[in-house]
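We call the chains A, B, C and D, going by the order they appear; numbering starts again at 1 in every chain.
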Amino acid sequence: MSGQNIFDKLQNIDRRVFYWVLFITLMVPFIMPIGLPVKVVKNTRDLYEGVTGDNINPGDIAIMNFGYGVSAWSECAPGFTVCAKALLREGARIVFMGAHYDVELSYNKLRSEAAEDFATKQYGVDYVFLGYFAGGESAIAQLATDSWTVYPEDHYRTPVSEIPLMQDFHGWQDVAVVLSSDTGDVGSYFLRQWQGAHGTKLAEIGIAMNGSTDYPYYLAGNYFGLSIGSRGGAELEVLIGEPGEATTAMDSINASHILIVLAVILANVGYLVQRRQA
Amino acid sequence: MSNILKREAVFAVTGIVTVLMFVEYFFFPQDWIVASTIRNWAVIIYNISLGLGGVRLIMQHTMGTQRRRENWQFSVLFLVAFVIMLFTGLAGYLGTGVATSNGIYNWLFNNVYTPLGSTTYAITGFYIFSAAYRAFRARNVDAALMLIAGCFVILSNAPVGEVIWSGIPAIGEWFRFVGQVPGMRVFGVVGGLGTIAYGFRALLGKERGFYAGGAEE
Amino acid sequence: MAYPTATLDVIGLWTGWLLMLMIYSYPLYKENVTYRFAEHIFIGIFLAINLVVNFTNVIRICVTPLLGGDFMMIVPLVMGIMIYTMLIPEYRWISRYPIAVLVGAGFGLGMRGVIKPSILDAIVSTITAPSTGAMMDWVNFLYIAVGLISSVMYFLLTYEHTGALQAPTRIGRLFIMIGLGAYFGNTVLFRFTMLTGRAQFFLQVLKIIPM
Amino acid sequence: MTFILLILTFALMYYYMYLGKQGKTFKIRTLPAIQAIPEAVGRAAEMGQPVMWTPGIAGGLNDSTQGPQTLAAISILEYVTEECVKAGVKIAAICPLPDALPLVEETMRTAYMSQGKPEEFDVESVRFLSGQSAYMTGTLGYLQRERPASTILVGGFYYESVIIAEGGNTIGAMQIGGTNNTHQMPFLVATCDYMLLAEELYAAGAAISGNPDMLGSIKGEDIIKLLLVALTGVGFLLGAAKINFIADLLRM
């Protein structure tokens, strides 16, 4: 390939070069932070307002679904944590559930991140952790009509009949709001089997990747609010006034996003110049 | 007779279950015990079926080890990791009701499964970089539009976009919140219709994927 | 979270760190024996977790109610076991019944659930005019309507994209490409956030930054 | 309205299927991805390497949106397997979905039987990998070790799509992709040589079979699409004049 000129090379940079540069670029801002301000967009604000103030009453039951696993903590956990804190501060009762095997770890992380808010609450009365469910859309549809068959026990094997909060939760009609945070499709199951079927108030704390598919549903009113990725998490941290993990990660996000755009520009310069030469 | 049992009756079961779900949706807005029961069964069957894959995978690796196939040592590694995790997990569950109560299971869960899961999940970051590098080239109008929309969204997603040029967030947000809506909405519409049509064809026994050799062994 | 002090926890942290490097040796270098090592451990451990969790789940939602007197639970239990007949060639056909229940529930829920949010609400949202008189809102209203109409036409499958259909389907494709580009852009944020988490872990284990 | 649209869709599809049976012919527009399958198999035959098929991990069969994609992918698998048997090419089906395993295996077995070579079917050509990350790492490992000449990545994919497809690119495989999962389309478009977008995946089964019933149902679906286009067009004009008749009708 000795005949390759610089423009050929720009188009054919070994992918491993990018991978190394990317990994190093992500690390640098942790050592040398910059800290740029984060602007809050409407869909995130609507989500926050939907779980605070007049939109939620003490005693209301909220479902919070961990539709993400440990592997997506950086993306989903910050926004999920802010919403849990907000709901607990409003006096809402929360039913936690999850669609990942490692849901217990995500729940434990939430407990430790929002330790002060949980400290004043009582398990089984103010919140309950039902644990993992399998069965996809059938299970979510079933949860809407007969919740106790999907969860006869909570995660710790206490029968739901012995849990005070569960006495008030049998199906969709008992739930004021559903917040689902997903890397997969559970949010869309709630969309079809709860919001679509029964009009339940639903919001998504989604990964950025699904922002594009979630947003039209937000526009159409199916989701009352929407947080998109770690950026949405950082915005929620701004709204509750407690900077956290997502805010810290924003510097690395800045650096890596500039890097990818630079790489795309390089490839296009090479491509366009070469095409002109041809 | 055998064809009825192996094919027609199977379709009948599928059709009946599907229709029950429709009946519930359109005529029982609150709840219908029949559909609800069937759905609960489906959830249980699904849970039980997940073990099938495990059986297959164990058979695959056991055979690989027995026949000393290439890389059989890794099959042994797989089996050892599997056996340790399975038995410690079951021991934990049978002892206290929670699998993670077993120290070994809990340690492996936290220090092997969790970091490996996060690591493999994040590996996409690398591949998406090279995919963007290769795909985002202005070869024609289609690719150029994809490139422009992609780059503006990338820059507007990071707070730094605004620092580079104050117009970036506005343009990026337009792409995110308006520009992409028709493209995304159409996938909902035609994908939805496709789901209905596929279901209809399958129920009538027209889809090969579903009846998968259903007529004979 | 603070850096762990107990020996087992420290070993655990370093184990995770090393396994991460083994996996990343694939993209950063090439397929090699360390990658294969981590890969097989992961598959084995994941499968076991999978089985343990599903076993406990079946006990919880089926066996416990059955032992508690809900004898109807015998039906899904038997049907679930029927799926395993696929391992015995001559009885493989039996496994089609439980699959039929799964597929029937899937089709039923899907077909009934998809129409309102994905089709009807999408159209309603597209044809509902903006409530304000702002010029940009009306431009967007027009853009989305034209975009949706032309891109649905792109998916007309029994008509060739020629003649009168050539222009609208071509335009439809452009709208789709804009959608895919924006989607790609959003995904970059997601994937880099994940990788950021790993980069942070890499530095934390080395104590370069606090945990 | 949901009920009316569902019934109307069924009725139209049934009507056009009936017309198809009566001898009326319908044609599906050219789907380059399907036309490329023989080329992909031929490439593998020339290179003496296998073809890999995988349906993605999203499609559990009781999942309303993902399940049908898996089934559509299995329809394509049958065609690919038949082509492979004809050309004497090995095919590996990597399936991460336990509940779809019986169908995958039966489909391949049937394809071998239909080509008169049932004895050549090796059950180990169906490989199961449990769990998403394990599926992904396992498939990457397979790609590097076996170096298939072509990959058929069709079905319900999650994030593994870009990794597997980039892994395929690394070894220079010819790639045919297809999914109805919007979130994975950009990556398959970016990394595959040919692509079945959204509903094209479902229509592929009909296109392959050439069955008049199936083609009729696609025609019926197209009529519904035209109806929706008309509703959107008229609704847009009325909506612009602040007459919300159609929107109110659809909300019913």
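We take it that contacts are C-beta pairs under 8 Å (C-beta built on N, C-alpha and C of every residue); 3 or more make two chains touch, one makes a residue touch a chain.
Bear in mind that the values here come from a model prediction, so they are computed numbers and not experimental data.
Shared contact partners of chain C and chain D, listed by label: A, B.
The greater number of contacting C-beta pairs, out of the two interfaces A-B and B-C, is seen for B-C. Look at the CA centroids: the one farthest from the centroid of chain D belongs to A.
When chain centres are taken as C-alpha averages, the shortest distance to the whole-protein C-alpha average belongs to C. Centre-to-centre separation between chain B and chain D, using Cα means, comes to 15 Å. Put simply, the C-alpha centre of chain B and that of chain C have 5 angstrom between them. Annotation: 29 Å between the Cα-based centres of chain A and chain D. Contact with two or more other chains is made by residues 23-24, 26-28, 36, 38-39, 42-43, 46-47, 49-50, 53-54, 57, 61, 83, 86, 92, 96, 102-103, 105-117, 119, 122-126, 148, 152, 155, 176, 179-184, 186-189, 191-192, 194-195, 197 of chain C. Shown for chain D are the residues that touch two or more other chains, namely 2, 6, 60, 62-65, 68, 71, 99, 101-103, 106, 129-130, 133, 137, 145, 159, 182-183, 185-187, 189-190, 198-199, 203, 218, 221, 225, 228. With touch defined as above, residues shared between interfaces to two or more other chains in chain B number as follows: 22, 25-26, 39-40, 42-44, 46-47, 49-54, 57, 71, 109-110, 113-114, 116-118, 120-128, 130, 132, 134-136, 146-147, 150-151, 154, 157-158, 176, 180-181, 184-191, 193, 195-196, 199-200, 202, 210, 214. If you check the complex, the residues on chain D that touch chain B are 2-3, 6, 9-10, 13, 17, 60, 62, 64-65, 68, 70-75, 77-78, 96-99, 101-103, 106-107, 109-110, 113, 124, 127-130, 133, 136-137, 145, 159, 162-163, 165-167, 169, 180, 182, 185-187, 189-191, 198-199, 201-203, 205-206, 208-209, 211, 213-214, 217-218, 220-221, 224-225, 228.
By the touch criterion given at the top, residues 58, 60, 62-66, 133, 158-159, 170, 182-183 of chain D touch chain A in their complex.
Residues 22, 25-26, 42, 46, 49-54, 56-57, 60, 63, 70-71, 116-117, 120-121, 123-124, 127-128, 130-132, 134-135, 146, 184, 186-191, 193-202, 204, 206-210, 212-214 of chain B touch chain D in their complex.
Of all the residues in chain A, the ones that touch chain D in their complex are 15, 71, 135-138, 183-185, 188, 192, 209-210, 212-213.
Those residues of chain B whose C-beta lies close enough to touch chain A in the complex are 25, 29-32, 36, 39-40, 42-44, 46-47, 50, 97-98, 100, 109-110, 113-114, 117-118, 120-122, 125-126, 129-130, 132-134, 136-139, 147, 150-151, 154-155, 157-164, 169, 173, 176-177, 180-181, 184-185, 187-188.
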